[in-house]
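Heads up, the next two complexes both have subunit A, just with different partners, subunit B and then subunit C.
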Partner chain A sequence: MEFDISMPKCWRRETKGHKFCPGCGHGLVLKALGLAIDELQIQDRVVFGCDIGCSLLAYDFFNVDTMQTHHGRTTPVITGIKRARPDRIGIAYMGDGGGYAIGSQHLVNAAARNERITAILVNNTVYGMTGGQMAPTTLPGMKTETSPYGREISQTGYPTQGPEMVAAITREGAYVARGTVGKLSQLKNMIKKALETQIAGTGFSFVEALSTCPTNWSTNAKDTWSFLEDEMTKYFKVGELKVPAKEE
Partner chain B sequence: MDLKSNSYTIEGEKAYFTLFPTLCKGCGLCMEKCPVKVIEWSDKLGVYGTPAVQVKEDSKCTGCKICELVCPDCAITITPKRKAK
Partner chain C sequence: MAEKPIQGEKRVFMTGNEVVAWGALAAQADIMYGYPITPQNEIMHYWSRLAPKHGKKFLQTEDEISAGFTTIGGTIIGARAFTGTSGPGNTLMQEPMSMAEMYRVPAVFIIQQRGGPSTATVIYSQQEVTLTTFGGNGEGYRIVYSTATHQELFDYTIKAFNTAWKHRFPTFVLADGYQAKMREPLTIYDPEAKGIEMVPTVPTLGKEGVPGVDRPPVHMTNTRNTEEELYEVVKGLQAAYEEMWPEVEEHEAVECEDAEIIIVCHGVVTRSARVAVSQLREAGIKAGYFRPITLRPFPVEPMKQSIKGAKQLLMVESAQGQLARLVKDSIYGSTIPIEPMFRPGIGISSEEIVEKVQSLIK
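== the complex of A and B ==
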């Protein structure tokens, strides 16, 4: 009996094993995205953009047209592609550093203009690729390379609530949700709804995915899951924040 | 490299557990999520030279596929057996 590898069809097999660290949640977010693309049968129409930071390691991940940008610019570049080629399905993939700090203006303005693209943002509470510095999403009191005594809220403010912000500035017709790699089927369904929103053309679609970075968290498997599922969810509530009204 | 090289399959009562060492990075995430705790470290090595995983002998693996789903590297394939009779 021959057993095949259970991998989304749109993943590019020649580039696997992928480049992310052991236990990295990027592999899971990209699995949820891959399954969503497969289920919607849109592989030949997708244009995928990744950003600087660990998300760029996805530059050869899928068998779809792909480009890579810096510092949150994946959002405006995908917006441009979508405007030039409205028949394409544009996916802007980024981390919390690119989307909420260095390139936050791009996310804010694309959401405010209700661009017909899908943005997927990976929240793992740190800058991963550069070595685990404090990010906008670092939890209160959390120790990182640049907050060795724990994040001090009185000095650095509270963690960015991305989906809450995007939900507040988008119009009706947009789709906004926060999922987690701890609930992969739910995350896949959120990404699927986001892509369907883009296909229907009703507005901007945004999914934040709570994700893992065992390398910079310095956690074993057990603690990786518990930080994701017990600590992060205290601050970042998982669920849908905005759903387009059903057509009659 | 052929992704399927050195793969091994362990037959359980309810399902076949197949592991692809070319993909397994030894992160252990699957082990923690198995509801019946039947995944253990193997003597076989994964792609980074760390132990890969296997199911225990006479395993109580139910074929639920949770490990397959939570593996960030798609290193596990669970093939449930058809219902007997």
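== the complex of A and C ==
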């Protein structure tokens, strides 16, 4: 089947073209999310939270109630919403800095408590909005503004393996996966399963999306794609790490 | 409808933290989010015991940052939500409080002050005045009630929810470790039986209907691209704050009309001032006390009026002049002498105040 190239129904047309840089992967992640929302017909029940960082540009992206939060704090805001109104579908959208650095305690504890929310984390190996600093996900040897000679793993450790960590601390019933904007149909299916997990109420759901940041990678289209497809996937294995057992 | 947690009114003997839990229950709070820190813990202890019996909820979060942000989440989706904290937890909670100011989230925060700076003591102080009134990267768009007795703790916990939801500013009940842990008699009541109507809550996000089809979507943003855009936002917040100011400000002025010396205090220290003033009056000394109940917005005009005829002020607080800064700012232009009696982190007795006043009078 051909992949639909039209805009998802739940996208807000008035705010398109979007605000991300040309070649940015955010728009693709949000397309996958939009399609998943459409297919599940949950536009009226979704409450979308976006983090600070380039994620903040998504605050008026959908015809969905949305709250822009603080850097790293989208997970607790959505948790608070979901706890008070379990009939809503809470989505926390964040970058790698928001989820794995400044907000890591929230991600870890939301996962450990099995919060019935869906966290979508965009991994593009850098801090985008602040100008290309080293992120928890920066690859070994990779040059950034705060690792100008390349990430020195003896000093700064290895890239955070987010879904692996979340899979390790969640219980049966949770959904954990890593997708990529390079495989949009698969990414959409992962996000859909994550949302279905929340709707079923079996556990926490988490999708990391490998994504592109040509602005801070200083790459042209070809190099952007090859960094995503060839370099990032060496460290970050795409696939499902935890899937709730099928009901009998 | 579920049975009311309190029928009519009832005389009880409780600790302040227990009072807060009952106050929140009487105010029909839906959910508390919290993280352990002394001396606030028993609010959570009592709430988490009471909550399931009355169809209410509780979430213990991973830290105070999360407690603050989950409280914002609950409030924004239309629940009557609250949290409580103290000391270093209050410091951490300034980040969510700042967001609550920007979005005008009617969340309720209970602060039980402990000693500072740093971990300090878990006992008592009035050192979180500056933090609670003006903490955060903004202009202090909050409402802060400072209570003196357990009865007030109950009354103002209920009131805090109504003020918050009516005026849509984050609202604080500022008490302290003494009030938290001490046991005293008070009357708890069903607000309705006293003619107090609870201001209804409304969700900001998650209203009925398909956004973009049945209604416009709600898109909350707290970022601004230009200085001018932000300026307009802050001006709007300022205007709204000034508008509610006269309606919300509260104070207590006792024996101030003919007083030569006026004791200025707030919170639990008021109790000592009250006793001191009556003893001083008995001894023929014209003393009175003025006490702001709202530290934000500060009762500026009532304070100016109350001190008009006095010869001097005695500033009494369990902090190094945190209340005094609010006072000086408010009475700017007055030349009345101010005598400090600052006791950071320790309690102040009526005897100490009487002694101090006597030394100033002769």
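Worth pointing out:
One rule holds for everything that comes next: the second predicted complex is superposed on the first by the 243 of 248 C-alpha atoms of A that agree within 3 Å, B and C clash if a C-alpha of one lies under 4 Å from a C-alpha of the other, contacts with A are read in each partner's own complex, and residues count from 1 in each chain.
Just so we're on the same page, a contact is a pair of C-beta atoms (placed from the backbone, for glycine too) under 8 Å apart; a residue touches a chain by one contact, two chains touch by 3 or more.
The structure displayed is predicted, hence computed values, not measured ones.
After overlaying the two complexes on the shared chain, residue contacts for A:H26 are found with subunit B alone; subunit C is out of touch.
Once chain A of one complex is fitted onto chain A of the other, the partner contacts of A:C213 are absent, as it touches neither subunit B nor subunit C. Of the two partner chains, neither subunit B nor subunit C is touched by A:V126. Shared-chain residue A:I117: touches no atom of subunit B or subunit C.
In the superposition on chain A, no contact is made by A:L228 with either subunit B or subunit C.
When both complexes are overlaid on chain A, the residue A:G17 reaches subunit B alone and has no touch with subunit C. Once the two complexes are laid over each other on the shared chain, residue contacts for A:L184 go to subunit B alone; subunit C is not touched.
Residues 1, 3-7, 11, 13, 16-18, 20-28, 31, 184-185, 212, 214, 220-222, 224-225 of subunit A are the ones that touch subunit B when the two sit in their complex.
Within the complex formed with subunit A, the residues of subunit C that make contact are 30-31, 33, 57, 59, 61-63, 65-66, 69-79, 81, 95-96, 99, 103, 203, 205-214, 217-223. Across the interface of their complex, subunit A is touched by residues 3-4, 7, 9, 16, 18, 20, 22-23, 25-29, 31-33, 47-48, 50, 68-70, 72-74, 76-79 of subunit B. Interface residues of subunit A facing subunit C in the complex, by the touch rule stated above, are 10, 12, 43-45, 47, 52, 56, 59-60, 62-70, 73, 76-85, 88, 105-106, 108-109.
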